[in-house]
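In the two assemblies presented below, subunit A is common to both, partnered first by subunit B and then by subunit C.
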Partner chain A sequence: MMLSLLPQLIVSGISSGMLYALIALSMTVVYRATTVVNFGQGDMVSAGAYAVFVFGMGFGLPFLVAMALALALLFVAGFAMQRWLMQPIIAGPHLSLAMMALAVGYTLRGALRLEWGNETINLTRPYPQDVYMLGNVVITTDDVAICGFVLLLFAALFVLLQVTPLGKVIQATFQSQRGAALVGINVPAFHATMWGGGAALGAIGGVLLAMITPLTPDLGQWTLVQGFAAMTLGGFGSLGGAVAGGILLGLTEKLLGFYVNTMFIEITGYLVPILVLMLRPQGLFGRRAVVRV
Partner chain B sequence: MRVWQAIVAFFAMALLTLPAAADSTQGITATTITIGSIGPFSGSASGFTPLNYGAAAYLRYINDQGGVNGRKFDVIFADSACNEAKGIAAAKKLIFEDKVFMIMSNPCSGVAMAIKPMLVQEGVPWMGASANPRITTPASPGMFHTVYPGSEAGRAMATFAMSKPGTTKIALAMHSDDWAHGYCDAASEYIKAHGGEIVATTVLEHGATDGTAQALQIKASGAQAVMGCLYQPELVVLLRDLEKYQINTVVVAALGADFDQVMAAFPSHDWVKQHFFQPYQFQAPIATGPLKKFHDIFVKYLTKDELPKNGDPTNFYYYGVPVAIVAVEAFRLAGPNPTRESWEKAVESLKGFDTGVLADTETFSADNHVGVHKMYAVGLDAQGKETVYKSWGVALPNSE
Partner chain C sequence: MAGASQGTGLRRLFWVIPLAMLPLPLWLNPYQQYVLNTALVYVPVGIGFNLVVGNLGLLAFSNVAYFGLGAYTSGILTASLGLPWWLTIIPAAIVGGIAGFVASIPALRGVRLFYLAIMTLAFGELMRWTYIRWETLTGGSMGMAVPTATLFGWRLDSDRSRFYAFLILTVLVVAATDRLLRSRFGRAFMAIKDNELAAAAMGIRTDRYIVLTFAWGGAVVGIGGSMFAISVGHLSPVSFDLTELVLQFAIIMVGGLGSLAGSIIGAAVITVLPQIFISFPGFEELVFGLLIILIILFLPRGLASLLARLHPAFVERYYRG
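Then we have the complex of A and B:
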């Protein structure tokens, strides 16, 4: 019985891991661009889901329209946050930047609680919830939708970064901001755009998460730990590493939770960074930092 | 010399600002009785605030009837955010600044346990809706449970699950905190004492977004029933995964979730029919029979912000009311010149008092400060209609 459930745990772990990967990727985009970890990213995740709820269930717009508007809104929010709150203190100590990000996140969460603090919301799926059997393995339309959507998104990002001229500009700026500035790239605008992109990616994660779990203002804060853990596991700043780290984290949670103890599910997100930082600080796919002297 | 003067002045100021012990008529004037209502008006547990609003609505209704012995109730809300430190600050403000007669409602066991020593020391009565049984058992002066502590609800959960013929294998799905143990420990004791067996104990922590490992452990254990000592979001996560894996078990959940809101998460009701139940505290389905009166009170006396944004007042509003009903009855019994002592004696004198809300009548004594014990169970019948059950398959008359 215990081993026969392994395929089910793997499928479920991959499905959860895809969500962690998306959230880790949204944080990595911001980190790669500005070397700042956005501690308010979890609340951007929640805000994205609430935006879809307001546009969709509040204004009665079709789901895809509501989602497009929510992504646009969160892009603007991320852009504005970097442009007007982070950029003015960008030369200051990292602690100030971290505190600013944290403060923005808490403010956002407080605002959400003011309006929806005493109720849980069930976001309506834009598709019927069906169950498919693959042998003994249960796969739902949620699993298919989450994995399919996230894979498509990763593929689109890969094409954007590797094939298009814009992607080459982004990659170049990731590698050397001073060099990018010298060839005429507006680096502050690039930073703000990446923060906007990160917020929009996080919002997608929030929407997908809210389709499978009740939406509360605190939903996003719990994902922040998983996002960090996935980033650390994959290697800080590595886009591919964030994806791999998220999926590995999802699998680890499920397997440890089922075969060892369900208490491990919550602490996996904390155990992983401890082990990775002790054994391989650069993560699975990160590069060891080299300082030329 | 100046240094000594400064030191003396400092200690004089400190003495002046020390809180004076509350006197036995604090909060009572010729025309008013001031009551403090602590609740999680902000924070992640703010879903419990209808417990505060339900009580407040009843006191506003009593005020409209002329009050008690010529006095009207003045309710002051204070936010604990379900956080012990904030709860202590809120209680201090209510006792020493607002000078309330008593503290009411107070969902959140952690806060209730944190403020209990201060309340007992100051002699300020507490009549709350927190689940932790240790607040009132053993009986502490002035501390009363007029609704069911977690231990009573936990026993009711186990009693109902085991009333299904042949049910002996039971799993626990719980948070690891004190609140969940309040329910699940009592349920476990009952199960073991009545020939049952705990076949699995699984943990879902706050914020869990997936319950696959837990659902599959329950499946592997062969549990016929699950005691769900979980808050609402995590309970819904577990139920969704039990449904997803088509695990044929009965889930009886603690009172950390609102039945109507849980049902809203399963619009088709397919799996939850005859699978999901909760202990039921009331005499009848909400907004029907004797509870219709309270629906009307909520709608009339609560503000737009205090009422649900969508739909009718839910279970938690009704569950908040008995606290106020018992408090008001004790003021009536205490006569025209109530003191804390006479009010507490009045509560302890209540025997078989029917609140018109709860499934059980309220009975207190000097040694017993928990008023109610008997509960029903609520779930959907085979047709998907909300039904109150005395035991498995036995519906309360006229409850369907």
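Then we have the complex of A and C:
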């Protein structure tokens, strides 16, 4: 009885894990490019979902158009945030950078709450809501849409990074900012672009998240912690690690939640960063996160 | 040097400020009195936070956890065991201090920068989850009522009477922290913040100072939590979420990082400011967010640095750059 539910748990674990992976990836892109963690990323994610809501349901645009507009908007927001808010203080203490990002997130969240208060908004799915049976495993169209879309996105990113000339530039700058600057890469522009890209990626995560949970302004808070958990589990700064960490986090949450105690569904995201950083600071695939003094 | 010694002499005059505040309740209406009390609650909260973040320069985001633990300690001890409030101040400080000690463990193991920020953020959220789930003690998400406080048998049943208790506690916290910062501890903090490795090489036991600061900060914030508990009279987990964290961050950023006077100024400004606006849900977050952005961009040392420009008496020698 207990074990027969295992395949079902794995399916739903992977499904939510894919979302965490996407959010962690969007944070990792920013971190790898600028060595700054965007503490406002959670709110960028929910802002993306709200933007789709406004364009789609407010202006009545078709879903894909609304999504494209939302991505463009978030890209611009991320770009502008790096260019005008982070870049001027980039040489300052880490605390200012963290606070700045957190403050931008709060401003966003406050604006969302001011407009939509504490009402919950449900995005209409652009696909029919249905379930498929695979043996005795229930797979919803949400699972299919989320996994399919995220995998497609990962494939596109992989090709972008490995094959295209732009990917070469990105990889070069990831490796050494100074070296990249020496061979003529415009590093500040690159930073801003990666922040924009990270925000747009996060927005996609937000839209997919809005398929399965109602939208509230507080979604960003939860998203941030889950993204951190996936990121630390996989190892800070590792793109593959972010994906693996996200999926592993989704699975752990569901399996512990079912076999040990339901409370683990709520607290796995909090426990994982604490335990990982204490026991194995480099995560599964990352570099050491510890400063020896 | 002349300026500095002149400043030191003048600094004694700062103790006139709490004395001058004594007759304030005569002129304030109950609402203004409540706002003033809240400002006093946030003075120790800001001081404890500022010690770790400003003076020591470590990115620890777990301040709300100490605050909540202090508040719930006082709340639970008075509600369940029927202890008078004044007897619960020390336990609240101890619980806050222990939480600070726990939060310092990763820092001791060399977790720094964003990693420390993430861990302490998760710690704070875990605590909030605990308040929600430990329903028998905390009343869960509905919260718990805190009985009317008593101070040596004297019932603190009005904001006016609580004001005097809060003022005394706040002055004690400020005085003790001022002493701490002006001792060799303060100079050690400065050395650690500037360059931890160099400080260690000079023979400063950086690990001890880090533990001490976290524990002291946690204890002070715990006292603030205890004051908060009786000031609002009702505790619920919502009071200790990430929005509260930004409020506390706004206090130290707006007041001035690493400045004792800054924590006090920040507590006053951030408490009074939202009262000026008509409050809509979300408005506070928006205003505090924008305020922090502007401060970081244009006044990175906060309002305290404006005062320091006016007169050398306001320069705090145990903190620089």
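The working rule: the second predicted complex is superposed on the first by the 285 of 293 C-alpha atoms of A that agree within 3 Å, B and C clash if a C-alpha of one lies under 4 Å from a C-alpha of the other, contacts with A are read in each partner's own complex, and residues count from 1 in each chain.
Everything below uses one rule, namely that a contact is a pair of C-beta atoms (placed from the backbone, for glycine too) under 8 Å apart; a residue touches a chain by one contact, two chains touch by 3 or more.
Nothing here was measured: the structure is a model prediction, and the numbers come from that model.
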Please tell me, clash or fit, for subunit B and subunit C sharing subunit A in the overlay.
clash
Let me test your reading of the model: by the given contact rule, A:263 touches which partner, first (subunit B), second (subunit C), both or neither?
both
Applying the document's definition of touch, where does A:217 land relative to subunit B and subunit C: first, second, both, or neither?
both
Let me test your reading of the model: by the given contact rule, A:37 touches which partner, first (subunit B), second (subunit C), both or neither?
second
Check the residue A:131 against both partner chains and state whether it touches subunit B (first), subunit C (second), both, or neither.
first
Contact-wise, after the overlay, does A:273 reach subunit B, subunit C, both or neither (first, second, both, neither)?
second
Mind working out whether A:95 is in touch with subunit B, subunit C, both or neither, as first, second, both or neither?
second
Which partner does A:117 contact after superposing on A: first (subunit B), second (subunit C), both, neither?
both
If touched residues of subunit A are counted for subunit B and for subunit C, the larger one:
C
With both complexes overlaid on chain A, does A:59 touch subunit B (first), subunit C (second), both or neither?
neither
After superposition on chain A, which segment of subunit C among 133-141, 187-195, 241-249 or 259-267 overlaps with subunit B?
133-141
So which positions on subunit A get touched by both subunit B and subunit C?
110, 113-114, 117-118, 217, 221, 263, 266
Residue numbers on subunit C that touch subunit A, as the complex places them
53, 57, 59, 105-106, 109-115, 117-119, 121-123, 125-126, 129, 133, 196-197, 200, 206, 241-243, 246, 249, 253, 257, 280-290, 292-293, 296-297, 300
With touch defined as at the start, can you tell me which subunit B residues reach subunit A in the complex?
42-44, 46-50, 176, 202-210, 212-214, 216-217, 219-220, 232-233, 236-237, 240, 244-246, 261, 264-265, 308-309
As the complex stands, subunit A meets subunit B at residues 1-2, 5, 8-9, 12, 16, 19, 110, 113-114, 117-120, 122, 131, 138, 140, 209, 212-214, 216-219, 221-223, 253-254, 257-258, 261-263, 265-266
Touching subunit C in the complex, subunit A uses residues 37, 39, 85, 88-89, 92-96, 98-100, 102-115, 117-118, 217, 221, 225, 228-229, 232, 236, 263, 266-267, 269-274, 277-278, 281, 289-293
